[in-house]
């Protein structure tokens, strides 16, 4: 029952997820199961569904809290809104956008991939070209990762919306907000995002286990005709139980519900805007530290600097995975590995979730 | 942050799931997140994958621990082994078998439903008729719920296997063991079960969040050609990461892994056979209590009596949901509602998981 | 690190202390240490000192929360108010009153012991005789255990006060409320109690570790001239730190402070009067059960029946300690042993603290 | 029930006590009460009493685990070995030695105080003068604080023993090891310490609540004739219950016993010598940091540098308490205040207990 490796002192967790859980949330989750069909759990769920909309900055969206991970949330976003064969435009700029594209392809969509070099943001010029050429509206959805966790690149969602509007294009805008929502500026309603999603183990600072998906009215409408096969991830079952007031088509994690309650309470107590400002401050501080170390940021343009994760390029003669291994063994310090194209070349510092300064510098 | 309803004293949880979590497991889970790409989590996962096979009584099976619920585990079992349009035989005998059949139909299989009246076991005679008439082997799978949680009916899996063998039928045998595995006698290898599955919040006595699916070599083989669309639930991604020794295609719940470790340790300390005997003893005791109250068991035949859940029929002039409501409000006691056809007619006592006598009688 | 004895299911704790801790309190205490000289701990302490007065029903008393047990609280009550050689009257009626008398003697007081047979209440007639004969006021204090935990006997404190008043006797009234305060009707101000004390592990339903002593203005006045040697238990040091607003002359248990906060919140949410009524109901129910078992209550007179503990007399041919041992080994059920004069003859059921009905009967 | 002050991120606790509790210990303590008269608690206590001797480096000593603080442990050490009026020599070199001397005086001993300027170690030359002049052996005990927590001064206990031996002086050697034992090199048997004591919230890294006192055979012998009044702190009662095998004269904290078990397990897993080396490394690192900041150590001589606490002298124009306040409010960082003579002049960094490097420098 013991932990695998014991070293004195606390573990210092600076991967971009799963992130540190605040102690009040750990406490709130330290509990026995409860009957999810009792009056208590639906009452709790109701407040959560209402309050979770705030972190998406939506009043018109409908949230779904799936017992799953971000990968499952991706699948729910796609299968509920699209039909096999549908053409979608998707940006490839790092390991996580790549994985989402792989999923899109395996789910049977016709994916029009727009590539960027790793370290660069989504190529919106290429999107504009596509939109300009699509007067027939064959593009059913634009899929974009708000913050690419592999390279520490934040994309400009507002610009995507402006392009869609400029071309009066009806494509759905599906956004992976896994490493952005609740940490970076994200505005579902204002930016016309149709489906946004995140995972509980990211900026919400909970354990893994909730894939939170939020659907715009237009997305809900699309769900009525989307032909992708889905059962576990089907919004329809949730909507049916929402109407009945029992909320859950199958058993939720009681602990995660109480944890989410405690986590949202902390976020609202600090104020979502303050949370975002704190991430901006800590992100800037991390970049200054990297600079002071004489190292380079993997992110090439300042406009894409991420306030939740920094990928640090190491000198060519060093294997970045050795740094990560040493930090873990010697200092109880977890850093993120470089993935795929940047394996061995970068290590990543996660600076999202419930953090403050002393973690970074004294 | 407070619980919804406060009453002094402990809550008494006797629904058939989610069930009581032993205190050592609650303690083991009361922890911060960890990097799942560190050396510690793969090492922990490796022991879990090895040990979890014991509760399925398999040495040849391959387990998958999905971050999902039983419903997701169902979906994983079906989509990895079957192709759209495949004919499957499925038994309907209560709410949960009904829900699985609904999923089977929505996933595009051709479901040959064998109905039983609620309170009765699976109609194996009807299965025999199907098998006898299927010399062309159009039946690709037989799907059966080992223990129907809605009516407290346990089916004879060994008899199903013997029928398949008698007719030398190659259909896969897919078993929902959600309210049986780790509580009732279940033998994956001996009974030739091809896919067995359970959820962490049942007899394993954990929170909801792990859908554990175990595949026989024959099922793994079938997965290579099964054409059902799947990504999140795809065994292939897991097998790829098993080979790499990192085990997880996406983020697992760190807490549930430590919880499962602690839970398995408790089960092995007691001894799986003793756990099963304890369920038999508590099941028999519950039935004696029901008899002593002058009430009837919803289960019609002794051979189907369930040692994990008892559905108690109330007199016609009483609404069973009022009993459940009263127990909850007045005694902090959670009982299971009657579902669907038996709504208002039965209430259910869950007697599975980490329990002992004092809960039942003094 | 494992628990000593493992049996499946929960432990059922029915000793008269330490008692069951409500889950919200266990959660509130599951935390790291904090600096007790930071602004947070004094602020928390201030609310606790104010609120804890309510459970004593005093507005004029001054509470002290010693990091100690009930035995330490006894010592604090005596040494702060009395001088070596002082004559005190003390009632002996069971193991705990006996232990207090032993302490009184070892601390050098001249103890005038009034004996009762075990199972009977304090002999107030004998007290009256003492008071009548003490026109010289040689008696400096009357010491009485409100509820004798060994025999389940509750004494009439109001009657003691009336006797003292009738004889206009200035003796201090020192009360051990260890198994009464916060469970039985107790009124410090109304009954003119000068020092009352309890332990955190009794009706407050916390872990052991706080000996809470409450002093009347008259007791505080007496403390100024009391010559008993004391340092750790000295009220003077606390009063000095109360004035400075830092509250603690030495390090308190951070966890117990947060636990007490959570515990008081639960008590106030239920309402202290409802807590007392609940104890009356559960006490009566326990006595009915004992009667139904055909067994006798050790307490001889109905007026002394205790609503927090019932000592059950077993038939002469049974050793009660065997019952206690069997309950523990076989049912994870903890009952209290018979002590001293009633060893082997009684076992004790504790029914105090955060309990409700289902623990007792179904 | 909420924490008093909320700031995002963890609290960084660097006071010299109470110190950080390792997560496995917090988990081990997150539990309900248990009957301390059941077979489990004595069995657990027995292992603790045996194992705790290792941290004192004694095989002949007898440990007592009082439910109290360090102040109570002081009182237990003194009252069990000395009689009122006894002459004792005691070193004054900081706030904590001062408080112990105050206690010694209030307990009625004749205290011969040897003063040092704050920042300097115990004046052993003055002790030698006393011993040389005491051929009549009027000095009954020498009391010394191993590590003065207020100034970060470690005294040379071995030198004290050598002086006593050189003069063949039979005085008892009583040592406050509160901020040293389990962190600094301490050898009870080898150095002939007669009573050593510590508190659970110091290097043992537990919550406050256990005052652990260890008595040499000579001290136990002295206890037989010591006339100081004592009940709660009396070793005699413990020895009586040790013999009976039930161990506790009154209720212990169940949680602290399990916590101590887990804490000792971690210490033994790391190895006590490694723990001491780690403190040496972190102590040296802290002093280097202080030097790098251009600040002075309050400790005047290198031989007295403490590896558990560093008192840092701030420039005259700064009030050190403002630094402490700012660290707490702005960075969730707790530092120790300057006390008494050095109030406003120093702040203190606690570097004892379950810590590792990342807390100090990256």
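Note that the chains are named A, B, C and D in the order they appear, and that numbering of residues resets to 1 at the start of each chain.
In this section, a residue touches a chain if its C-beta (ideal position, glycine included) is under 8 Å from a C-beta of that chain, and two chains touch if they have at least 3 such contacts.
All of these numbers come straight from a predicted model, not from anything done at the bench.
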item: A-D or A-C, whichever has more C-beta pairs in contact; value: A-D
item: Pair from C-D, A-B or A-C with over half of its contact pairs in common with B-D; value: A-C
item: Distance from chain D to chain C - Cα centre to Cα centre, in angstrom; value: 31
item: Between chain D and chain A, distance of the C-alpha-averaged centres to the nearest whole Å; value: 48
item: Centroid distance [mean C-alpha coordinates] between chain C and chain A, Å; value: 54
item: For chain A, residues contacting two or more additional chains; value: 1-3, 20, 23-24, 26-28, 30-32
item: Chain A residues touching chain B - in the complex, by the definition given at the top; value: 1, 3-5, 11, 13, 15, 17-21, 24, 26-41, 43-44, 67-72, 75, 84, 103, 106-108, 199, 201, 207-209, 228-234, 249-256, 258, 261-262, 265, 328, 334, 336-337
item: Residue ranges of chain C touching chain B (in the complex, touch as defined); value: 2-3, 6-10, 12, 20, 22-24, 30, 266, 269-270, 275, 278, 330-333, 354-362
item: Sites on chain B touched by chain D in the complex; value: 1-2, 23, 26-28, 30-32
